[in-house]
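Sharing a structure with you now.
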């Protein structure tokens, strides 16, 4: 069996989504990538989470061609593959239908950076994609979803803004590996929820200043990080 | 004892409502139908869920006449019976007072299709019934509730739109069997909740395009389905 | 020890509040009355719920004078006593700071009857008290709270409307015994929550018609009840 | 090992935050102070709560200099230290990113006293700090956060108003020891949540009168307290 460690990690990340209440039914999927081998490990499509084992995961190449596995991969695989090909700095991708992040996606609104919880993880607003054209939907829909995510980032560093909301659909998040992708999906949901409450209390809430955004983001990321017990790696 | 397998399935579907937090106290009820025998199996009225056993369920004909069982059937039985007679394609009906779906029902608003989670299960808005007249309420109230549901569907395929909100009351959902009816009631609540959040974020959110609605609904339903491990059956 | 059965029931009802998430910290209290003996059994003040035993409960007369018990009774005892003296038809009183009912109380708004869940338990809107005068607050505050509740009912049958919101404070509910009082406090919270969501979806939601209100209330209460397995007793 | 009892209490208070759902991931921190020794015990930075043991806690002097411990202290230590030096009446400080209190902080709105739950614990509105200047953020940021909290109290007794919201960040609460600080952080979240619901129901809700505020606060605090089994100590 190829990539047993990565399979175990990707399974764990998928189960993390369930434990943290981010997925409904069999929705949601996490993948991880082995850069040296050029292989993706992803959740199978529509298999109940409580029956999922490492051998159920599917191994594909970076274009989504199945290399190992008897089950169908998640139908969102082409979106993951597009992101791995576009962003060499990421090692895992997580997709959920978590409720508040999905509400922002359905509202087609980016999530403004209103506080330090957001700034600790995301260096600025969480972008939302443009609605897809009928042609893009009728065509290679899942791959085109990946392209819409890249367009929404608009040149931003995917490590600094590790999530995008897909309009009328839901969030995709990523990270250095599958576990961090799942963690970012979790933090994103919390950020989306508190942003919702904030704007309900005060629709004109003005968000963090540029200096507060930088202070918090760089307190946890980069060479000058001083949060936690070890220097942050990226 | 008649229909032991169907009794077990209907009991399980009723308990599903409890596990998923869709019912309050003894509210809520699920039934299943045996088409060949022309018999309905339904929850008894007002019995605590944690004491319910297969033999407590009540078997009736399609007009709600008790065929087997010493307990009274759910007081909503006539609504279920009307739906089974009208929709030959359904095998189970679930009624809950789940909170967000009930709020939409109390607001007498249909739930617009704002995203793909909705489109994966419901091919368009979830309709709401017209308020019942004093005559309909004073008459065969529960059967008239069934008629109001049929009217609200307004000719739509009940398989494509497997739920309706009863105005000032709560949701009824259905499916190919009791378990899928309970599942649809569960997804409906999630859809109702996220739609509520969405319109709070952006009251003018415009919903999915016709092509996105079709893409997602037919990704999971019909001959061209490609989600999950087996071809969807309907 | 006086009234061991009533003590056990009142303790159980107090623990019900905790299990159903209706109380915060040591807040909340339930009492029961023994009409023949003219005695109230009530929770002690400020004792953690998980340490509470039947012998900790306090027995008082209908004017709140302690008859048995070494601990102080709940500081809200005088409110309970006023209600027992005014409403001979009730056997239990429950007070919580449950979140949505408290929000309505803080907003000084009665909860309109917007659906059948409400109508199944409460025959009309849940009233809210007038704010208390400085004199009433400075005087026998807890007894005056009971008077404000009676005034808010304004002659309505306390069996038909078994709860009132105390302005800027929280809900009091009652029933034929302590357990039903706790149950009504629980249903009230659900009703308050769904009413909140409903008016957020549609601020002008118009509520149930008089005939729907009667149909549901009398489906569960009175001589013509047909819900559940036995004829309702009141 | 210095201060074993205080370490145990501070650890317990930190775990309280987790049990009560007030922290996300490794966020949040509680400290306690030993006034005679002039020492602070605080949570280490970025250590998972479920692995935390008393020996992981860090002991510092009142200026935040580490006296004992091999791990880095919480990055918010300087804020705690400023509060201990300014308020001799407090013995514990708790910081969370609890969701509703954080939403009020992100909205830069103080929480008005809308009901008796609030008045039982906080003698008036929960203040919010002014946004920090770029200079304050670029400088000794965490210590300046403490100064902003002191400024927001504006001379109020920290025992009477044991919490402040830090603008665009989240709440700090305190108390006579670490456990009461954590309890106040918990009550604050409940108060923030119900205040949010209240103003959603009625944006012009006018809050408690001065006499009701005093009645409830002094029912639980000070020489005339009559809630609970023993006279309140402060």
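The letters A, B, C and D name the chains in turn, as written, and every chain counts its residues from 1.
Please note the rule applied: a contact is a pair of C-beta atoms (placed from the backbone, for glycine too) under 8 Å apart; a residue touches a chain by one contact, two chains touch by 3 or more.
Bear in mind that the values here come from a model prediction, so they are computed numbers and not experimental data.
Enquirer: In contact with chain C and with chain D at once: which chains are those? Just list them.
Expert: Where chain C and chain D might share a partner, there is none at all.
Enquirer: Any idea if chain A and chain D meet via the same residues, over half in common, or different ones?
Expert: different
Enquirer: Please work out the Cα centroid separation of chain A and chain C, and write it as a whole number of Å.
Expert: 47
Enquirer: Could you please state the distance in Å, as a whole number, between where the Cα atoms of chain A are centred and where those of chain B are centred?
Expert: 33
Enquirer: Scan chain A for residues touching two or more other chains and write them down.
Expert: 199-200
Enquirer: Quick one: which chain pairs are touching?
Expert: Here the touching pairs of chains are A-B, A-D, B-C, C-D.
Enquirer: Enumerate the contact residues on chain B facing chain A in the complex.
Expert: 114-117, 183, 186-187, 190, 193-195, 197-202, 205-209, 211-212, 215, 219, 226-229
Enquirer: For chain A, which residues are in contact with chain B within the complex?
Expert: The touching residues are 24-27, 44-47, 71-72, 75, 97, 99-100, 102-109, 131-132, 134, 137-138, 141, 168-170, 196, 199-200.
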